[in-house]
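Both complexes shown next keep subunit A, but they swap its partner, so subunit B is in the first and subunit C is in the second.
For the complex of A and B:
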């Protein structure tokens, strides 16, 4: 009898695969995020649409709306990353089995892929519905990827913090929104640059730095948050 | 203690708000032995087990777990124990085999151990955990606890919902565990027939 060894990467990968397998069978996060985003998208496009928009106004306003749709969809769906583990009492088994940092990375990878999937579904629809042309598609992809990663990292960390609280939903929004504001500002600016075809400037590097800071903070804080 | 593997806890205290649940509980158990914790509902058995597992912090007192001469800190102890308790649940969306294979990955046990344990416990491989009866769920908890052959088993109401063959099998698994160099703490609200009981703690109430 002896405690066997597992590798950190294998643990993180196992958590990622487990979360997607559970999601595939329940479709809770995808349905919540997708329905919320799609409904908001339809309302926005019907209200704004191509009619009445000047190109200047479109460049200024539409990136903000796109990121707000993504933000509120994420707020509606991603707290489940950890809340579900507490509500169904599977958190006990996870605490006794997983290395906290590997668990954080596995959950972060899952959250990021959910956000990417949401962006892949929503962004083309949004651009088509509001008839917005993107001058630099590669920059838009970079903005969505880096901005989405920041959202996933912030959501994963905040979800872990609020999972054990009684007023989870309210607390999640209260803590998450301030944490995501810097990343959102950079992401919106980058998206505007992509639409206008201008240079990304310092914002892309700032957004990547923000992502890195959230990830490192998560890795450092998570073991303390997760365990008693 | 003469053996190199033991669990010893001293003056464990814990309260929830104004409610004092544990007011200085001490005990020890070594290889081949069971420490039996008895007490009515609400007496603090599960709280003590969670503290011993490292799932809950004690307000005061110490827990020392030494395995083969090496002292384990709380995070090492957490990942070294086998734990059966009513509050331990597995993923209802996953099959029994997928559940145990997932935890094999986390605990570093070979994946084949999952099927081996399910066969031993008489559980179907492909059935979703959410579709198991309460007795089968309890068997699955036993499987979870034994995945990486831990030396220390913490068993909180281990025979809950089990039928007679299930209880006999649990007793047999516990006996084998103890004879193979393991130790265990068993908590139950009533008397329980478990082998090799070397000490008892009565939490009363």
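For the complex of A and C:
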């Protein structure tokens, strides 16, 4: 029994390491996602200027823009999690090598670390460029982590779906965005609370519940999508 | 038996249409003497029916993923198709009524938000189906997406509206004190309408699913 458990964990870890090794060789996520997010960020903050000075508007609008930048970068980059496996014809080998649930967890861990790296890169820049002060930094970190996890979990499942379809990148956004609406709502509300320095309230628990729900649903649904 | 049930359904729907204009009193608290409230006899049942249709689609998809019988996949996809029709009608009728009652077609009311999110989600479901060539893969993948919708739906329908903080929507039929707030004839037509529209949905759904199955068999022949 203990052996079976360790191989499951080993499989998940192997998938995670394999994806990061591919990333290290191609630098796809860094080049595409990072640059995409950075360019969007620069253009948006150029147009906006120092909005952070006008507090009311800043609190209402800027968290939405921050999350949209992250969301668009995710929709541009994360479909690759599974689409690349189909395009390079490695999917069959992966089907033989790993149990679906371990594969899902490995891919989810990879997607989550990519999103976190993206957030670490983008958020300080964004806050600096629009001159926005955050009253509760720990709450912002919690919002970014929990919101980012929800995005990664949703993206991993939808990427597996989209890899089976004909038009991939456009369909990915169409399928992912409605599924992420609740998570985005919570994440934006939390970010607003972090900037204003108010109480997180029920939203943080709701966001964590949403993350958990997506993960459990992903673990249960992924095998049916993955195995022919 | 089938014909009799069908006649009863048509009778019920005809009775609701007549009753909603002639039998039910206008709701005095509404703008313009309450005549505008009559659209609710169609709006509320349609919203409920689309809700039921999407839940049914999720349940049929789950059954399909368990049993892998084609008819369950067809049942799910036709439920979404018909549910979307009801969903669009509910959204449009709601917007028309909102213009009369609240002064604008769209107010970002929490319930408008959730019905719009459901509309977008299940439109995406149909987009997904149209983009997968293989029948078997399409059924599996779309099934998973529909089940995911069933899991996210509670967040959309119940949690997100609470987050939005306020609602212009009239109180539910029975409020928190379990006290009836409506005229009994109004309530009767609302409940009758909901049952009638749901029965209409399941009748059309049954026809559409059988048609899809026949087309399936013709393709294979």
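What we mean here is this: the second predicted complex is superposed on the first by the 219 of 228 C-alpha atoms of A that agree within 3 Å, B and C clash if a C-alpha of one lies under 4 Å from a C-alpha of the other, contacts with A are read in each partner's own complex, and residues count from 1 in each chain.
Rule of thumb we're sticking to: a contact is a pair of C-beta atoms (placed from the backbone, for glycine too) under 8 Å apart; a residue touches a chain by one contact, two chains touch by 3 or more.
This is a predicted model, so every value here is computed, not measured.
Superposition of the two structures on subunit A leaves subunit B and subunit C fitting side by side, clash-free. In the overlay built on the shared chain, the residue A:93 is in contact with subunit B alone; subunit C does not reach it. Of the two partner chains placed by the overlay, subunit B and subunit C both lie in contact with A:228. In the superposition on chain A, A:171 makes contact with subunit C only, not with subunit B.
Contacts of A:54 after superposition on the shared chain: neither subunit B nor subunit C is touched. In the superposed pair of complexes, A:21 makes contact with subunit B only, with no contact to subunit C. Touch criterion met: A:185 reaches subunit C, while subunit B stays clear of it.
Distance between subunit B and subunit C in the overlay is 7 Å (nearest C-alpha pair, rounded to whole angstrom). The intersection of subunit A residues touching subunit B with those touching subunit C, taken from the two complexes, comprises 228. Considering their complex, residues 1-7, 10-11, 13-15, 17-18, 21-22, 25-26, 88-90, 92-99, 223, 227-228 of subunit A touch subunit B.
Across the interface of their complex, subunit A is touched by residues 53-57, 67-68, 74-75, 78-81, 83, 85, 87-94, 98, 102-103, 105-110, 144, 148-151, 180-182 of subunit B. For subunit C in complex with subunit A, the residues that touch the partner chain are 65, 117, 120-121, 124, 127-128, 131-133, 136-137, 140-141, 143-145, 147-149, 151-152, 155-156, 159-160, 163.
By the touch criterion given at the top, residues 157, 161, 164-167, 171, 174-175, 177-179, 181-182, 185-186, 189, 203, 206, 210, 213-214, 217, 221-222, 224-225, 228 of subunit A touch subunit C in their complex.
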